[in-house]
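Each structure below appears as structure tokens.
Two complexes, one shared chain (chain A), two partners (chain B, chain C).
And then the complex of A and B:
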């Protein structure tokens, strides 16, 4: 066999490729499967949070904000525990980002609250004096796309077995159930219920009016998403 | 004599002389004689002996193999294939090479499993070491600071962590967060009286009742809207002005006559204290203005420092 391969360079090259590829699979796959498993305390996104995530992506927040805390003391002092791969298990796609014009947002839910985000998204430079972040005023009027978020939930639940409506283990030993509506109307009702909780902490009258009408402005979804980043 | 041997002797002599001069130069640099260097440290003597031995062995081996190449002819059975006329003998691998090859494999296994690449380095390990070193340094330098140094540290932590909500001057940026230059604002007092409070300001759960549980001893009735406004203004003014009677009747039972609170019963609402600030940092807070998140990740000294700084603002 080897003598035959030595005389046929093309097949020799194929054999080398197969050999190295196999070695690669043996080395990479088991570790990858282990590392991409969700950590305890990592829960799937709810409908509203997912809609907020779409707002985040649509406005290219990830162009200026990373979501990856490196294991350096200076970073963990500022942003919290360094990121672990299992924490991205439900991120499709992950939003690591490649540049920090603004600060990292991996755990922003730990140290900013709804009312801060509301003030800040309206006029960032009034809150952080030298901030170059633009104001995102349209988020207070544009409505969040709950239908697309629900479609994504259905898809990931079916194809990637994301555990919606199932108990997920949390850090304190309890379990958490992230609900997904059985129908589109269900999903919208769930998202609205969640939005009401967020909007209760907000002061913008237009947002409160919209929620009362049963509409969900983008800002509410985005804040729900940012608050979920812990 | 063979020309090869002659070259060998010349080469050997040159290298030995070079070794000698190296010795002389290093002796000159260190201010000792050559015999002192050689007898003073056995490593030096060993190194020199080794150098001389290496030179002689190298010359001997090179001469042996060069002579062999000059006279040897190849023999043995040729392998079946040949590549553009270049063939390969089917000779056995020399025993020494086989042993070295096997040893290399054993070493490779060791290297892969125990040696360098798999276990020796870890990013997180380096991070953990960094944290230990940093914390030790922090403790050594700041553990016992007090007074103005503590306030300075508090200010720097404030500028890093608290400024984004409370503003550079701790004024709360037009009411978007608490103004820390005074203990408490009237609207906050009003909100707490009306809604009650459970903010762990003492470090543990110790809820204050809402207005339906606040009894004014002077009027022997529940606190009224007018009284709430009066007492809110009184507390916000730094416990001065109108409303002192309401405070004495409804609030002083827990918060004491002077508003400075009571141990394990009610927090100080007349002035900031470092403990109060530490408790807010540990538990967060929800009130009239909004929700403040926890800042548990600050270390104890940093929390104490922020407390000292904030206390110093309203003095």
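And then the complex of A and C:
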């Protein structure tokens, strides 16, 4: 059979393809629908948080920070409850990372504040002595891209029925509505309102001035995102 | 006329040899910079804090991985295909104007793709998925380049004179099919310009931005099915294709066992794809997928070692060549590192070992003993074998080859030993509890302890890079020397062995 295959490239290629495609079908398909159901208490990202997530991705924060807490005592002691599949239901893409040069950030919103992040992103080694994390000073001047975040919200609502402007069940039995702007101007206004809340806890004068002008620096969006990780 | 040996046409081979070397230098140089940034954080702002956005670790890291994978390695794969393909199929590219056109188009589009990747990654345009960072416009370009590669493979096969496909061709076909399947499915994404609001407006924000078709756990599962098997079909399968051709050619020995190559090939095809789950142990993917990933990783030792042993036994009775020929040294060390790396990987895939190894530098070490030791050495070996035949000139300096070999070997040893210690140290410190059941170390303790190992690794990487510069110089002097042969060397090895 193999000698025959080696003389018939087409059938050879078909045989190879069947061999390699098989595993993917068996491993990936069966749990596909089940794995993407959101957990109660998991809400979609707001416009500003999503813009912050884009800043996180733009700077490859995931190259050094994981967002996956494994079910070991040492990890739950350090980072909080281990990760559950439904918590990632609105994560496109997933940001688990593959290397922990710095600590896990899956629940960083539980134990770090806006103030802490502001100082840390400016000069990490002043906050954590001997930290090898570089400073991310440009985030204080670059502006966050709210328009793209809004486009992404529209896309996921349209194609993946992500529940924006709809009540989402919370752990305490209440519901929460994550708003998405009806128009682009509306989305920018929503993001700015959220940014003002974050910036109120910040000290950087340039950031405060930018917010007063109606602009949102990347750092504000990033901190909004980090604070949402719980 | 009939008895005259075929004159093969190496135009496209030469083009890809050029990018192999240039992108190799770019990728490895960035790698060395990254290594120094981890050891000495002030290197992040070495060009001033004004441009730190473009020189810091996080922005450069995807450039390093993509430059060495899609630049150096892929160019090496293409260069060898356009060389090996013609020779084992007994047909010249010059015989088909169409295939020659496709080959050149393949190269130039590839170059355009590379330029687009470099610019976009520097700008921070990335999907964040490892080795699949490119946004949809570049993804489409990559698919086109890949289809051209496929047309080249099957076009050349279509006009072949040798009816039986040589083992290397099996592996090139598998490379083409594997990457095609993996890349397309992992990069399923929806451009966000399609997002339409209630009053029918669309097209907001950056036109190149997209959102993954899969969410959370599913996205991770598809990504590591891709990520793991991109290693299979980028770093293993095509490199095995190379060694099956170049080692027997260079040593003048026949392949040790046809049956073993058969078993290894079909075994590798079947087993490799299952093992992706070992990247997701103790994550939120279903437990049975994790267990399958673990088990199949162990099974994977069989086909991997099958190929490696087949290569080593090909040298049976001719081991003196390892001592006398630096080129044979490169290839033998490559297959030795292949054995080493394919044993280390399965060990790390065992759940209890993975609990310590995952997220640490041990994984980084594993990747690099595979890529520097196996992939890098084999591609450089292949270029050394091809250069005299392609440029019709003897290799410029055999002693430079030997010097390069020892410098780089030392570099690899520095690299993986330091990363072993770093990884296991960090993994153990993360999980250590004191007598009261509290965590024994804060996170920063587990970072500062790594400084000496990061420094050692940076030195190891630098040694490898220095070796690569010697390689580039040697090839450059070879191709720019006065031609000594009118036609292709028919039997003599470049070493004159």
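Everything below uses one rule, namely that the second predicted complex is superposed on the first by the 198 of 230 C-alpha atoms of A that agree within 3 Å, B and C clash if a C-alpha of one lies under 4 Å from a C-alpha of the other, contacts with A are read in each partner's own complex, and residues count from 1 in each chain.
Quick note on the criterion: a contact is a pair of C-beta atoms (placed from the backbone, for glycine too) under 8 Å apart; a residue touches a chain by one contact, two chains touch by 3 or more.
From a predicted model like this one, the values you see are computed outputs, not experimental measurements.
Novice: Does chain B (first) or chain C (second) touch A:99, or do both, or does neither?
Specialist: In the superposition, A:99 touches chain C alone.
Novice: May I ask you to decide whether A:2 touches chain B, chain C, both, or neither, giving the answer as first, second, both or neither?
Specialist: The answer is second: A:2 touches chain C but not chain B.
Novice: Would you check which partner chain A:71 touches, where first means chain B only, second means chain C only, and both and neither mean what they say?
Specialist: A:71 contacts both chain B and chain C.
Novice: According to the stated criteria, A:24 is in contact with first (chain B), second (chain C), both, or neither; which is it?
Specialist: A:24 sits against chain C, while chain B stays out of touch.
Novice: A:184 in the overlay: touching chain B, chain C, both, or neither? Say first, second, both or neither.
Specialist: A:184 sits against chain C, while chain B stays out of touch.
Novice: Which partner, chain B or chain C, is in contact with more residues of chain A?
Specialist: C
Novice: Please work out whether A:128 is in contact with chain B alone, chain C alone, both, or neither, and reply first, second, both or neither.
Specialist: A:128: touches chain B and chain C.
Novice: Have a look at where A:145 lands relative to chain B and chain C in the superposition and call it first, second, both or neither.
Specialist: second
Novice: Go through chain A and flag every residue that touches chain B in one model and chain C in the other.
Specialist: Residues common to the chain A contacts of chain C and of chain B are 3, 6-7, 71-73, 77-78, 128-129, listed in rising order.
Novice: Chain B touches which residues of chain A in the complex?
Specialist: Checking each residue of chain A against chain B gives 3, 6-7, 71-73, 76-78, 80, 82, 110-116, 119, 126-129, 201.
Novice: Show me the residue ranges of chain B that touch chain A in the complex, using the header's touch definition.
Specialist: It is residues 80-81, 123-124, 126-127, 130-131, 134, 160-161, 164-165, 168, 173, 176-177, 289-295, 297 of chain B that touch chain A.
Novice: What residues of chain C sit close enough to touch chain A in their complex?
Specialist: Interface residues on the chain C side: 37-38, 41, 44-45, 49, 52-53, 56-59, 61-62, 124-130, 154, 157, 163-165, 170, 173-174, 177-178, 181, 185, 190-199, 201-206, 209, 211-212, 214-223, 225, 229, 262, 266, 269-270, 272-274, 276-277, 279, 282-286, 289, 292, 296, 355, 358-361, 363-364, 430-433, 438-439, 443-444, 447-448.
Novice: Which of the residues in chain A come into contact with chain C in the complex?
Specialist: 2-3, 6-7, 9, 12-13, 16-17, 19-24, 27-28, 30-32, 35-36, 57-64, 66, 68, 70-75, 77-78, 83-85, 87-103, 125, 128-138, 142, 145, 147-160, 181-184
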